[in-house]
Amino acid sequence: MIVENLTVTAQEQLTSNVFKMKLTGDSVAEMTDPGQFVHMKVSNGIDPLLRRPISICDVDLNAKELTIIYRVEGKGTKILSERNDKETINVLGPLGNGFPTDHLHEGDVALLVGGGVGVPPLYYLAKKLVEKGVRLKVILGFRTANDVFLEEEFNEIADVTVTTEDGSKGIKGYVTDAIMQIEEVYQSYFTCGPTPMLRAVQQTAKSDGFVSLEERMGCGVGACLACVCDVAEEYIADGRKYRKACSDGPVFRAGEVLI
Amino acid sequence: MIVENLTVTAQEQLTSNVFKMKLTGDSVAEMTDPGQFVHMKVSNGIDPLLRRPISICDVDLNAKELTIIYRVEGKGTKILSERNDKETINVLGPLGNGFPTDHLHEGDVALLVGGGVGVPPLYYLAKKLVEKGVRLKVILGFRTANDVFLEEEFNEIADVTVTTEDGSKGIKGYVTDAIMQIEEVYQSYFTCGPTPMLRAVQQTAKSDGFVSLEERMGCGVGACLACVCDVAEEYIADGRKYRKACSDGPVFRAGEVLI
Amino acid sequence: MSQLRVELPGLSMKNPVMPASGCFGFGQEYGRFYDLNQLGGITVKAVTTEERPGNPTPRVAEVDGGMLNAIGLQNPGLEHVTQHELPWLEKYDIPVMVNVAGFVMEDYIHVSKHLSKVKNVSAIELNISCPNVKVGGIQFGSDPEVAAELTRRVKEVATVPVYVKLSPNVTNIVDMAKAVESAGADGLSMINTLVGMKIDVKTGKPVIANKTGGLSGPAIKPVAIRMIHDVSQAVKIPIIGMGGIHTADDILEFFMAGASAVAVGTANFVDPFACPNLISDLEVRMNELGIEDINDIVGRSWGKCNDVLSSSR
Amino acid sequence: MSQLRVELPGLSMKNPVMPASGCFGFGQEYGRFYDLNQLGGITVKAVTTEERPGNPTPRVAEVDGGMLNAIGLQNPGLEHVTQHELPWLEKYDIPVMVNVAGFVMEDYIHVSKHLSKVKNVSAIELNISCPNVKVGGIQFGSDPEVAAELTRRVKEVATVPVYVKLSPNVTNIVDMAKAVESAGADGLSMINTLVGMKIDVKTGKPVIANKTGGLSGPAIKPVAIRMIHDVSQAVKIPIIGMGGIHTADDILEFFMAGASAVAVGTANFVDPFACPNLISDLEVRMNELGIEDINDIVGRSWGKCNDVLSSSR
């Protein structure tokens, strides 16, 4: 966990409101776990005051280059989208626990399900799994064809199905509609996206899996208890009835926390 | 009085903490009176919240280019010094009443006394007076030789004496020391600088004159009454016992307001 | 524009936005920037019986997310205001609310009585909460019984609706609101500024000559929203909301908290066109969010308008 | 570093900076970033008799110049804290202040009594001001008599110094301070958060599940400075100042207002290294301003230290 001023090396607009940014700096060398996130101070001063959590989408360890993909939601991400090449951004990270992959072995099949800006962290995960020889079924859900991003990149390394709510691209409907069409057996699934989607995926998927949560954060490091989630009865350990999304998560075993 | 996003065309560092900035835009065409000021929103958003009053130092009416010279004092001027070419800055102005010059005629002599960042507004004034054929005696006071700026520009159009507190350049001492050495008769004087200096100049100078004040401002347009100064007994008119530095001033007849 | 129209006692406003007292003089300064007829109404600077010189300068200081002010109720006095300032506003077809301040109850009563007779005064706003006046003043704003008595006595003489402007510097603002409501107040204005201070570390002294000043601007908005949320559920009279409004979304937030109109203070200093800009932005934003009538969202955060909707449709 | 040393009852601090309660857990998280021995002291999260699950999420919301929180005193309870959390801090040579909360007086008494016996507890901070707990709690913080009685009864059982953390959400904070001082408080912590609210205009509902939350961060600094300025002139016990500290100049401002030490809350979230950075910046800034000993400037804004200086030299 390091705080460093990373230098912006690229900023690219992917859709009407989604941007891809690349940043470089020494701390990127620590960003080895897909599913972890960085906590970004998008501007100096107090406007806005707090950091913004953004998932690690890809890392080039040699070039010490981090890629993030983010959607402009409010003030913070708007400012982020206006930051230019060569400017620096204060970044705290990597934070949290990412997607575990030790349980998967060469030849296994893994299902990756992403929705909207839940897609980015799955890309770094996909690369790691492919390296391991794990075969992937990837389902990416968006609202419309215009909102789709990262499809090509995923296509290069995996079998990808896109769903759109209006059917303007791929399967019409939700990611769960695509999950139900999978006939192959998969050993594990990994999912990230809006909470209702996570709930639906948990119910639909036919294996154990891991979900990555979004919670409002204060500190991002486990100190303020802003981001707690209740734990399912059977996961209570040492009397701890909650988990902190920032430091225990953001990735949890499906079913561990109540969402 | 207009609000406009002016475009920065130049930013130059003059001394360790004094900068010169040029900005262009249509509203510059209105900036015809030396001694008026502009009210600048140095950044978007709330950090900092209020505008900063800065004097008009020079105007190129053809190029619609405004020049300001400012010292980095705190947060606002620091941010101003970091603004780059082609960026825009929201500027309200011209505001206030500048230096009257109608009472001076060709061949008259005028004394201009500036201290520190009180020097800039006198430059535009000097140019206007020279155009009128008024002869100038200019006294510029700084702390040390390293703090001197605008001397060359003044030298091109007038007879300039520099004073420094440590004697590292020009006359050692205060502007009043230089005023006392003037033997020639002058018809009027104009002064801008820190309040103690204005007081001293009022006492020392041997003619009627005009002083430009600095007061903390809220609105800059006369609505909030943040910037009021008490009026000397003999200047009370219509029962109004005060003047607003922003809209009645910032230039006042010497002796009109109590400083 | 009819989606913006609001009706409050004495204030028939084509849109819910008016400048806040003390931040707009008597209108002339901003009248040079735009046609004041664009406004929903106007609240003018505090008026006292006699002329007041106000506090020494510096009177303002900037702080993070806001500013402190200690103007000290400077104003030319009742007579000058009625003879010179208010007549100038007659050419505009907008309701005028006059902010009234004083040091003893008789001051408020005297000023309110005389202002009631002025042709274009639509309502009176009792400033019982100015934190920058040393004598009296502040007590009116923190003791429910005193505030109620003041309201009652002003109501006896006033022939236009009376709004009471509440101070946020109290333990229980709901009690204050209920007290002035039962004393006959026609509406509430909230909030006035929070008492604050800034010290110059170079001199070790307060930046403002008066030492303390009133904190306004975005910094106080969460406090204003909370107080309006609480008070609007406890009283039936309308609330004019204020405190840190800088965007159209802020206005919607105040309405959803329970306000029926809003006033804009500090934002005028940041941008002289703040009020007209907010009015046009508000319409755009309402259309984006599918809000057909601004009155539909009053108190939505605690269910007021949901109730109305479900019972009326 | 001796220019930074401060001595308060129970708290012998090599520098005047400690993290504020609730913003630093029990130290372990930030202990991963730096050696906690750099701190002047540490204030840990509120402890209650029994384990508390806290409020539903969202528990935080960002606002201009600050944030709202409604954590709801989540903590593992007295027993777990004394057996697992506090022992971890034993390896550090810094004073530990434990924040104590409760719902009835007996809670405070019980927790304070037991914490007093824990080896490395240097002082207790009575959190009589948490705005996020519905039952009890808040009353302690707004009624001088109740606060005094609570202080008196805790003092009877506590064997370490007791600080009372005051709520800013009161009409008269000086009365609160005087009441707890005469009840035996060894020091004051001020201020806790201002009660605020934010509404999501898209949903019309409060962003925070608990509806209201406590406002912290730079937005509240002017209120904190004003209150400390007023209280420090009325009491003799030392004040730990907090509320929006983000820079070394802020710390100097709190001292000049009348604080004898400071606590840093929200700034830790903005920068995990906030506390150690502030400590080193403070020394630099004091040298720039020619302040030889931080104790020399306590209350300078109202002349306390000037008085001391002129009488002693």
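Each chain carries a letter (A, B, C and D) given by its place in the written order, and its residues are counted from 1.
Keep this in mind: a contact is a pair of C-beta atoms (placed from the backbone, for glycine too) under 8 Å apart; a residue touches a chain by one contact, two chains touch by 3 or more.
Every value quoted in this text rests on a predicted model; they were computed, and no experiment measured them.
The chain pair sharing the most C-beta contacts is C-D.
The most distant chain from subunit A is B, comparing centres defined as mean Cα coordinates. Rounded to whole angstrom, the centroid-to-centroid distance between subunit B and subunit C, based on C-alpha atoms, equals 36 Å.
Rounded to a whole number, the gap between the C-alpha centres of subunit A and subunit C is 46 angstrom. The distance from the centre of subunit C to the centre of subunit D, with each centre set as the mean of the Cα atoms, comes to 34 Å. Residue positions of subunit D touching 2 or more other chains: 64-66, 218. Residues of subunit B in contact with two or more other chains: 46-47.
For subunit D in complex with subunit A, the residues that touch the partner chain are 22-25, 29-30, 32-33, 45, 51, 53-54, 57-62, 64-67, 69, 71, 74, 76, 80, 217-218, 246, 266, 268-273. Residues 63-66, 68, 142, 169-172, 194-199, 201-202, 204-206, 211-212, 215, 218-223, 225-226, 229, 244, 249, 252-253, 256-257, 285, 289, 297, 300-301 of subunit C touch subunit D in their complex.
By the touch rule above, subunit A contacts subunit B in their complex via residues 45-47, 75.
The residues of subunit B lying in touch with subunit C in their complex are 1, 3, 41, 46-51, 90, 92, 215-230, 239-242, 247.
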